[in-house]
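Note that subunit A is present in both complexes that follow, paired respectively with subunit B and with subunit C.
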Partner chain A sequence: MLASILASGLAVGAVYALIGITYNTMFATSRVMSFTAGQLGMLGGVLGSLFILRLGLPVLPGLVLTLAACALLGVVTEIVAVRPVLKSLDQHLYVLSTLALALMIQHTAALEWSTEPQPFPRLIGLGEGIWEEKYWLPVAACAATILGLEYLYRRTLVGRAFVAIAEDNYAARALGLPERNLRMASYALAGAIGALAGFAGGQLLLAFFANGPLLNFYGFIPVALGGLGNNRGAVIGGLALGLFQQAANFLVGGIFSSVAVFTLFILVLLAAPQGLFGAAAARRV
Partner chain B sequence: MGVTDTAAPALKLPAAPSALARLLPFLGLLAGALLLPFSGNDYWALIATRACIYWVLVSGLNLIVGYAGQLAIGYVAILALGAYTASVLAAGNVLPALPSFAALGCAGLVGAVFGVVVGLPALRLRTFYFAMTTLGFATIVTQIALAWQDVTGGGIGIPGPEMPAPLDTPWGYYLFCLGAAALCTWLTANIAGSRFGRALVAVRDAEVAAEACGVAKPRLLVQVFLLAGALAGIAGGLFATLQSYITPDAFTFDLSLLFFIAVLIGGRGSILGPLLGTILLTLLPEVAAPLAAWSTFLYAALLLVIVLAIPGGIAALLDFRSRRALPEGRAVQPRPEALATLLGHHREARGAIELRGVVLAFGAVRAIDGLDLDLRPGEVHGLIGPNGSGKTTTLNVISGYYRPQQGSLTLAGAPLPAGRPALRAPQGIARTFQTPRLVGEATVLQNVMVGATVEGRSTFLEALFQLPRQRREEREMEARARLALAAAGLAGLADVRADRLQHSELRFMEIARALMLRPAFLMLDEPAAGLATEEIKRLGALIRAIAAQGTGVLLVEHHADLIFDICDRVTVLNLGRELAAGTPAEIRTHKEVVSAYLGG
Partner chain C sequence: MTITRRGLGLGGAGLAAGSALGLALPALAQSEPLRVGWLAALTGPSSAPAVGFNRGVMWAAEALNAAGGVKGRKVEVITRDTQGDPTKAVNATQEMISQLKVHAIWGPTNSGESLATTAIMARGKMPNIHPCVVNSLIDPKKYPNAFRIAPSNIQWDDAVRNYTTGVAKAKKVAVIGDTTGYGVTAANDSAAGFQKDGAEVVYKANIDSTQPDMTPDMLRARNAGAEAIVIWSVSTGMIARMLNTRAKMGWDVPFIGHPSLSSGEIAQLIEKPDYWKKVYCIGYRSCSFDANGKLPPRNEELLRKLAGKINLQDTLLWWVACGIDAVNLIADAAAQTGSTRNDDIIRYWNGVKSWPGYYGEYSWTPDEHNGYPGQDVVMSDASSGRNGAFALAPGYA
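Our next item is the complex of A and B:
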């Protein structure tokens, strides 16, 4: 039992962590928490199933098309729901505009795809039992994403520009960085990461439109625990959340595991409002 | 108080609409609703009852979203909780069956409790967190309703409570729900118009100023969460009866969205707007039946359009008064003679505010580096120095925003708690801000009335039901606010929206708000910045008159002339340390000051 808790816990935890990284990637360049993060994860599953099962494409082109479509959606998010409200960040209008867009995405998926969970294809067919691919695939995707982001942020010019904008927007612009293009690029990147989360976790979560709000919430918890914009915190928080949730699932059953997660979330937030790895609040006066 | 009547500025300003004029739209809606049963069409009864029940929930949610600005997007969860509580208790499958009305009351109690539980993160955290917790809560409640079959009937559902005669007919139940909706309109309008409503809006738009006025945000929000939760729970119970059978499918997120968007379409800080929004959104799917499948998509698209195009909502469209131009060339004419009445019996200053050896560092920068300062009642104390010398920081330490690393801060020998700005107003310490902090959508009068929030004695319940003490306090506060506005020279602008004022007028409005407290100490942060020469003179006279009433004034300023004209004592800061202190005459001739700062 312990083994299957570990396997499924780490698997869903990795999906949550990836959604957390999706939130963070968008937040870094825009200071906006976007409700589309969970929907991108949902679309990763839905589009993957659409391209591979329904349209019969091979796995790799299916993956590439899924990531590309979600990256495009990321750019649309930036243009439609983020850029117009950036001027008045303190009024929190982005909460409403990204929520509206997220709901439009979710509802379109429900009507045009299906309101029932649809199967997601086996991709590689390697391993069985607790080593089945649906358990290790999300963990592998998460590890690959972290390594990729580390490389991007530390070794490439574009990545360093991202970091510069996240660190100090004004200074970065004063240095002549193309802030708007970089922001759009980071939204495209976030779209791809979110899609990868849903694609890798597809066999676990299925291709289901209602995964959107679920991933929105469970992907936000690692961010809240780890501190806004902190990817390391998101990964630790995501894996911890996955393990905690699956353990509660096995021990006390489905209803109470979601209650337990929710209670824990509120308690931790009240005890450590900045997250467990977050920085102190800015000066207000 | 003949002072206000003789107000000098001969401005013709639009008068505030009378109470009757403001009531008229509500009475019209009520009359229309009462005529509806004569149609005899039972289908309309269903739709209209639904609109009434939704409004019971939205009226409470409006205080949270529209007034407090907290984005509660998952309120359908509380509706579901209320519906299941009422149904389960009335059906008696857990406890002995309760009568329907008792079950409805329990639904309200459960709603109130969970309204607070879900709201807890809002007390300390950023907006997005609260939106998320309410969303998460909405997801979980539906899951539980599905899984907890013994109690909720799972996916099969459970019958709603049945109402006794004469409420068991469609129109009988409609009139009952209409009564509930009318009652909720009255109750929430009472809160909105009380000091609680003004404080909610102040927390939303000017949180720092609200704190300086002594508004205790957690306590305030908990009270509102209790009320909104109770209303949502009761709405749930009513909803279960209307549906006659409830399953988890009845509480989709679409419904939550409807409630939330109804408030936003209606507009922030309005009762009428969200009421119209609720009616509109309830009717919309009925009118556009072919689009029913896409209704959520349409709601979401509507939300996007509102946010991007008309953030003010219906209320802003209906606000014709604020579109009329204000007269040009207005001048602020303070009337210091009003101060005697206003501050006549103000709280007696028990002694001086004393700072001893205060040190405050931000990282490696020592913003204040061992400062001693005395602020005595009835004196005007000037604080000058170059930019970055620690003037405003000193003010922020005294008003409790910063916690110094070393040194003591006392009032009449008793320590003032550091880092607790909301505790300053009860001690009679008021302040203004370098950049005026105000509620743009509220009237000048309402903005000023926030200043006396700590003096309100009537409770939330008294405000909810407009009990006599609340009404009396409200009248006193309004009279005092008009007096404070007269003293600050803004009597003619009392009923104008604050965001239409000129910059100089906002500075005087902040002073009026601070005077509402009848402060023992008043701290002004660059009140003359951006004022014309003539206005600075009037400001100086006003400050002298305030000090003459026994109030101690701390004046942070760059205008050396004003400082030397009106101050009793002056402290010059440089790099967080005292460069010189003394009377204006001594400072004016102080060698270092002259060379370093005055440039004489």
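Our next item is the complex of A and C:
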């Protein structure tokens, strides 16, 4: 039982963590919580299945095309649902605009793909039992993403520009950084990360249009637990959520496991409203 | 004779009243088409059944018209796509009653829509046939116009319970539903039925159908000593995950329950075809192959008639057969009574006894509008689908 909790808990947790990172990546350059994050995860599974199973492409081109398609969708999100509402962030119009786009994506997937879950292919064929690839692939994808982002943010000029925009976009603009282009690039990056979450977790979650809201919701919890904008916090929060959820499935089961998850979530937020790893927001007085 | 102004006025009023009372109607009624309203969720997430029903509806209408119609009157099917949305179903019902003036309505074909439209049809005294399983949709006192031509939930429940305890000889059962309203209600009713019959429900759960790993629930069911798993869910993803988990646990417990256990989607989602063995779903004797691979004679004949005209590979035979029966029942009411008045159609249906349809032999009385014979609800071998029909599960003569 413990092995099973660890295997599937870490796998699902890694998917949640990646969606959390998707939220953070979009938030960093725009201060917008885009609710298309879960739909990008859903599309990662659907497009992966489409390219590899239906169209018969090899795994690597299938992965590249999936990431590219979702990166493009990330850019479209920035143009259609984020840019028009940036001037009135305090009115939180982005909630409506990004939710509307998320719904459009979900309905399009339902109409054009299927309303029933579809199979997702075995990608590598390595491992059996609790070492099956469907359990370790999401964890590996999450680790690779975190390492890649650390490298990007610390060692590359573009990454440092992202950080500069995230820290203070007015100052960054004053220094001549192309804020709009960087924001679009960060949305493309977020699209690819969301797609990777769905692709790596495809064997667990299947290629199913209804995964979008689920990932939106459970992917948001690591962000809240780990602190908004904190990727390491999102990873720890996501893995903890996956493990707790799977343990609750074993111990109490069914509907009660969801109740247990949300009870814990509320308790944590009551104790640490800024998230476990987030700093309290400074207020100018 | 002198024609006075008063006489002319009275005569005109008399003529108008006579027309209103129907004195001039017979000539009109005999020539106008028999209008059948068809509320079908042809698109949207739950469209598969209506697509199947629709093939039967159109085939039946064409067959009737090719044979000269109903006493010379053409059968006109007026379809509205409700998309599985109760609001759209309500709007279409209102339109059919008040504007299109249909003579009877077939559908809706899912319970959510039917719950919304049944009372409206009752208010309009509109003769209605539907195949929805929710028990409360049929009540001859509240809805004297509504007739069911498919089993009710109670009949499904009885068939599953009788097979589980009587044929599979399981005395300890796990009852599992999904977390939808239907899944919760059906699992509760089923568990209560098993307990009433003296079987032990050792495990009962409602599982979120998107839960990626079914190991926890399957382990609990096995540890509780379940000898059969009874499933109440339309989620093929959840069912396939449970079948994959059963195989990986090396457990050969039978799965018995909802017709979705036989959905073609499951074949794509299970890891090996063998994982679909020992799975028995609700089916119908009229649409089941016997040990020789034959359907009952009436439906063997139907298959021959449908060959090359209707694709049965991606649908279920009972959906098509039920659609044919619905149109024929409406046409038969008009033919036998020589009328398309609401009261006449309803009165005719109230007297139907063992009406020989392709899907079943229906009987209704003024006090019982559940028309499907309970003994014809059987269990099928879920993985044996061919031409939209299934082999009888082991244990049937």
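Note that in this section the second predicted complex is superposed on the first by the 282 of 285 C-alpha atoms of A that agree within 3 Å, B and C clash if a C-alpha of one lies under 4 Å from a C-alpha of the other, contacts with A are read in each partner's own complex, and residues count from 1 in each chain.
Everything that follows uses one rule, which is that a contact is a pair of C-beta atoms (placed from the backbone, for glycine too) under 8 Å apart; a residue touches a chain by one contact, two chains touch by 3 or more.
None of these values were measured; they are calculated from a predicted model.
Engineer: Overlaying on subunit A: subunit B and subunit C, fit or clash?
Structural biologist: With subunit A aligned, subunit B runs into subunit C, so clash.
Engineer: Which holds for A:L214: it touches subunit B only (first), subunit C only (second), both, or neither?
Structural biologist: Both subunit B and subunit C are touched by A:L214.
Engineer: Quick check on the superposed pair: does A:A100 touch subunit B, subunit C, both, or neither? Answer first, second, both or neither.
Structural biologist: In the superposition, A:A100 contacts subunit B only.
Engineer: A:M33 contacts which: subunit B (first), subunit C (second), both, neither?
Structural biologist: Touch partner of A:M33: subunit B, not subunit C.
Engineer: In the overlay, answer first, second, both or neither for which of subunit B and subunit C A:L205 touches.
Structural biologist: After superposing on A, A:L205 lies in contact with subunit C but is clear of subunit B.
Engineer: With both complexes overlaid on chain A, does A:I266 touch subunit B (first), subunit C (second), both or neither?
Structural biologist: first
Engineer: Quick one: classify A:T108 as touching subunit B (first), subunit C (second), both or neither.
Structural biologist: So A:T108 only meets subunit B here.
Engineer: Return first, second, both or neither, reflecting whether A:P61 touches subunit B, subunit C, both chains, or no partner chain.
Structural biologist: Touch partners of A:P61: none, neither subunit B nor subunit C.
Engineer: Looking at the overlay, what does A:V85 touch: subunit B (first), subunit C (second), both, or neither?
Structural biologist: A:V85 sits against subunit B, while subunit C stays out of touch.
Engineer: With both structures fitted on chain A, tell me whether subunit B or subunit C touches more of subunit A's residues.
Structural biologist: B
Engineer: May I ask you to decide whether A:I255 touches subunit B, subunit C, both, or neither, giving the answer as first, second, both or neither?
Structural biologist: A:I255 sits against subunit B and subunit C alike.
Engineer: Intersection of subunit A residues contacting subunit B with those contacting subunit C?
Structural biologist: Dual-contact residues (subunit A): 214, 254-255, 258.
Engineer: Which of the residues in subunit A end up touching subunit C in this complex?
Structural biologist: Answer in residue numbers: 1, 4, 8, 11-12, 110, 115-119, 201, 204-206, 208, 210-211, 214, 246, 249-250, 253-255, 258.
Engineer: Show which residues of subunit C lie in contact with subunit A when the two form their complex.
Structural biologist: Against subunit A, subunit C makes touches at 44-47, 179, 205-208, 210-213, 215-217, 219-220, 236-237, 240, 263, 265, 268-269.
Engineer: Can you name the residues of subunit A that touch subunit B in the complex?
Structural biologist: Interface residues on subunit A, with respect to subunit B: 33, 80-81, 84-85, 91-93, 95-97, 99-101, 103-104, 107-108, 111, 213-214, 216-217, 220, 224, 254-255, 258-259, 262, 265-266, 269-270, 273, 283-285.
Engineer: Using the touch definition from the top, list the residues of subunit B that touch subunit A in their complex.
Structural biologist: Subunit B reaches subunit A through residues 69, 71, 73, 117, 120-121, 124-125, 127-129, 131-133, 135-137, 139-140, 143-144, 147-148, 207-208, 253, 257, 264, 293-294, 296-297, 299-301, 303-304, 307-308, 311, 362, 396, 401-402.
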